[in-house]
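Both complexes below contain subunit A, partnered by subunit B and then by subunit C.
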Partner chain A sequence: MSNLEKYDQIFTETFEIGKADLEGLKYQGIPAWDSVGHMTLIASLENAFDIMFDTMDVIDFSSYEKGKEILSKGEYGVDFNA
Partner chain B sequence: MRSFSTTRIWDLEEYADNPALLDENGDSVTYRELKELSDSAAEAVGERCLVFSLCKNAIGSVVGYVGFINNGVVPALLSAHLDDDLLRNLLKVYSPSYIWLPEEQAEKYKDFSVTFRSCGYVLLKTGYEKKYPLHSDLALLLTTSGSTGSPKFVRQTYGNIKANTESIIQYLKLDRSERPITTLPMNYTYGLSIINTHLAVGAELLLTDKTLMQKEFWSFLKEEKATSFGGVPYTYEMLDKLRFWRMDLPYLGTMTQAGGKLTPELHEKFAKFAEDTGKKFIVMYGQCEATARMGYLPPEYAVEKKGSMGIVIPGGKFSLVDVDGNEITEPDITGELVYEGANVTPGYAECGDDLAKGDERNGRLVTGDMARFDKDGFFYIVGRKKRFLKIYGSRVNLDEIDRLIKTEFNIEAASAGVDDHMYIFVTDQKNAEPVRDFVIGKTKLNPVAFKVVVIDEIPKNDSGKTLYKELTKYYDN
Partner chain C sequence: MTFEEIMSLSPYSLNKEEKGKLLTERLMELTRHHLENCPEYRRMSEAVGFDVEKAEDYRDIPFLPVRLFKEMDLKSVPGEEIVKTMTSSGTTGQAVSKIYLDRETSANQQKAMVKIVQDFTGSARMPMIIIDCPGVVKNRAMFSARGAGILGFSMFGAKKIYALDDDMRLDVEGLKEFLENNKGQRILLFGFTFMIWQHFYKELVRLKDEGISFDLSDGILIHGGGWKKLISEAVSHDEFHKRLEVVCGLRSIHDYYGMVEQTGCIYMECEHGHLHASNFSDVIIRRPIDFSEAEIGETGIIQVVSTIPESYPGHSLLTEDEGAVLGVDDCPCGRKGKYFKINGRLKSAEIRGCSDTYADKFK
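Up next is the complex of A and B:
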């Protein structure tokens, strides 16, 4: 599974939504992505990519796209083209 | 209009030039302005009557609430996010004269006319002919859970609010230097008690609907030098996850916790963190039926008495009774917790006619919580008599869930679990998803909290009562 597929799957499973809903998805944009859902999402991503988010990045993770940008940063080094 | 000059909860004039409210957009209101704005809102209502107030942590919401309470208008506090159908049902049951709601939501109610606007809120006149008589002591209506749509309100009196407000101010030692930031909904008794108490001492409330998981919340907290916040157990789990320990928050002096029992591990972690950083961590105990608070653990005992909800608040009395109704006087014996005090509310309302009801409890509340006390007199909650869970701080009645499932699907099902984790047991795989979706839709809580387990049959005793204890073996861990 590619990193992008892994990332997408965590979103679709955590929020119980389809792949088509991911683009443009924002925090509080759907009922499931509230603070509770956010914590579950963060924990699943940390597990799947074996990383530990910095607090600033947890609270900056405001959309599906923003999350990709954060994970691509040096300290996490997730390559979404791989 | 009735005047409550002698029993007013807040004396806004006393703090005239102090800032009272500040929101995340930088809008602010002094106590003098709060008095003028809130009196105008009550004036627009013009009589003692019932008003549905759709709450947010925003200036307009607080202005309406303060004006209504201080001028004898009775608000029923509901969430601004309340489901439309549920609201329509409540309107039918209680027939309020007005609705006070955020401007942007007004267009949903085109059949009602706007009679007043202020601070981003509007007053809608419902025009209902039916008006239920209001008991003269009735100040406020609050929901206990609110989520499953039951029209049950807790009735609170002016005396209740005043007594609990004074007691909380005394044990938390609140004064006008405080700057609490909102972390809980205003229509939730714990969130409301923070507003009630701080306005009574002339402090400044920092209002935001942003959550702990948003950058904007933390910027607001830091820039405005918030001195305190409150949280339910789930709030503290989030703070733990956010590695709150590493944040530099020199102005934050007090963290309070209520709305369910924190794990002893987290209790200890936060108590120690507070001790190390010169902050206060205060665990508290309460219920909407007792206005808000009944017990608190003085911060100097936070580490030593971890897992305890503390001692009774000033002016109250705790006792424990055994199954025969006799008082337990020895430590370490579990019994049902009973509270007595002026903040015990008179009772519930389940329909419009109940709004005329008087005191049904006479200052004595049988809490439904099972507790024990240690040799030093500190109380520990050990379980519940009634079948409900607290999920993210909201009360969810399990018998009601069972009933709702039965009505909707006509199948055998049982709900059980521990706080923040509900398990729904069904006997047919094909019902698993629909039942789960249904319960999520009804409670409006995050799906993460709900798990369906398919079992061969729901365990029951000879008389047909569900044996919920036998279901505990299916829980995770």
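Up next is the complex of A and C:
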């Protein structure tokens, strides 16, 4: 499974939504992505990619797209083209 | 002064003059915003004869009684921008505060809290023991202050465990396993003062008699929610610290003061037992007789100001708590700003009169 597939799967499973809903999806944009859902998402991503987010990145993780940007940073090094 | 600029500073770096300038600039800006966008706030300001153009200092900005948020729905943004409504804790039948948050205010609350707490914990996320039951965050539609506190502090935890089950019994096996798996690491513990005492401390004492003990000497405990019930059990602040150290080696213990009406800018207790105001907020002690500002050391009613609230007019509030400023910029811990102590709640009869009649006028 590619990193992007993994990333997408965590979103669709955590929030019980379809792949088509992912683009443009924002924190607090759907009932499931509230602050409780957010911590579940963060924990699942940390497990799947074997990383630990910095606290500020947990807060800045405000959309589906922003999350990819954060994970692509040097300290996490997740390559979404791989 | 934008919120981002305040964020970029170390949270306890400003002295009295610097902080006064910053707060005046930002709080005046917030006052203008709320005057323009919240009709109820504008009417109340007019009723007390406040003229924003004549105000020179953040201490001149009127304060709303916190109780008002129980009686009125106060917002400074269109309803469709509200993403979260927070409520205060209250017993059944008691009115609760409703605080309306948009994306911006909600995010700024979290960011401020991270800056403040990291000054005490460091920036690494730690294994975390939440001294409460998992049930408290399950009702997602209604966010109680207790649930919000737990979720807010959860950001600082990496792996997390709830130490209590839904019947508030200590999960002894779970705790043992968690400590074993995270041996040698600094552990963050979080909970509410009375629950820690009743369901954690007392149980640890009982277990110790049975020969089961836990070593939490590498832990840092953050607790809040007030002392009222413990004082009625005659447990003082010093006693609380001493007894926890004896039973599990916990030495780093920090109380915090905060309220749902100004979530984010909490007041953390330092190593010297003082509560500190960060750059994000301030406390002003008011004399009950005429609401003039009290001297250092003089007890009065606590007013809190915060640089965060944009979606609701809660940047300047009169609490129902009593306390005193102990000093400014010179705490031995090195943190700048005011440091203070809380004496407890005002007797409700004393304040009910003024806040209720105050609110009734504007209905």
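Just so we're on the same page, the second predicted complex is superposed on the first by the 82 of 82 C-alpha atoms of A that agree within 3 Å, B and C clash if a C-alpha of one lies under 4 Å from a C-alpha of the other, contacts with A are read in each partner's own complex, and residues count from 1 in each chain.
What we mean here is this: contacts are C-beta pairs under 8 Å (C-beta built on N, C-alpha and C of every residue); 3 or more make two chains touch, one makes a residue touch a chain.
If you're wondering where the values come from, they're calculated on a predicted model, not measured in any experiment.
Engineer: Based on the superposed arrangement, let me know which partner A:Leu25 touches: subunit B (first), subunit C (second), both, or neither?
Structural biologist: In the superposition, A:Leu25 touches no partner, neither subunit B nor subunit C.
Engineer: Quick one: name whichever of subunit B and subunit C touches more residues of subunit A.
Structural biologist: B
Engineer: Figure out whether A:Asp34 sits in contact with subunit B (first) or subunit C (second), or with both, or with neither.
Structural biologist: In the superposition, A:Asp34 contacts both subunit B and subunit C.
Engineer: Regarding the shared-chain residue A:Ile51, is it in contact with subunit B (first), subunit C (second), both, or neither?
Structural biologist: In the superposed model, A:Ile51 contacts neither subunit B nor subunit C.
Engineer: When the two structures are overlaid on chain A, which partner does A:Glu16 contact: first (subunit B), second (subunit C), both, or neither?
Structural biologist: A:Glu16: touches subunit B, not subunit C.
Engineer: Is there a shared patch on subunit A that both subunit B and subunit C touch, and which residues make it up?
Structural biologist: Comparing the two interfaces on subunit A, one with subunit B and one with subunit C, the shared residues are 27, 31, 34-36, 39, 55-56, 58-59, 62.
Engineer: Flag every residue of subunit B that touches subunit A in the complex, lowest number first.
Structural biologist: 211-215, 217-218, 234, 237-238, 241-244, 246-247, 392, 444-449
Engineer: Once bound in the complex, which stretches of subunit C touch subunit A?
Structural biologist: Within the complex, subunit C touches subunit A at residues 83-84, 103, 106-107, 110-111, 114, 118, 123, 125, 137, 140, 151, 154-156, 158.
Engineer: Which residues, counting only subunit A, touch subunit B once they are in their complex?
Structural biologist: 14-16, 27, 31-32, 34-40, 42-43, 55-56, 58-60, 62
Engineer: Considering only the defined contacts, which subunit A positions touch subunit C in the complex?
Structural biologist: Per the stated touch rule, the residues are 27-28, 31, 34-36, 39, 46, 52-56, 58-59, 62.
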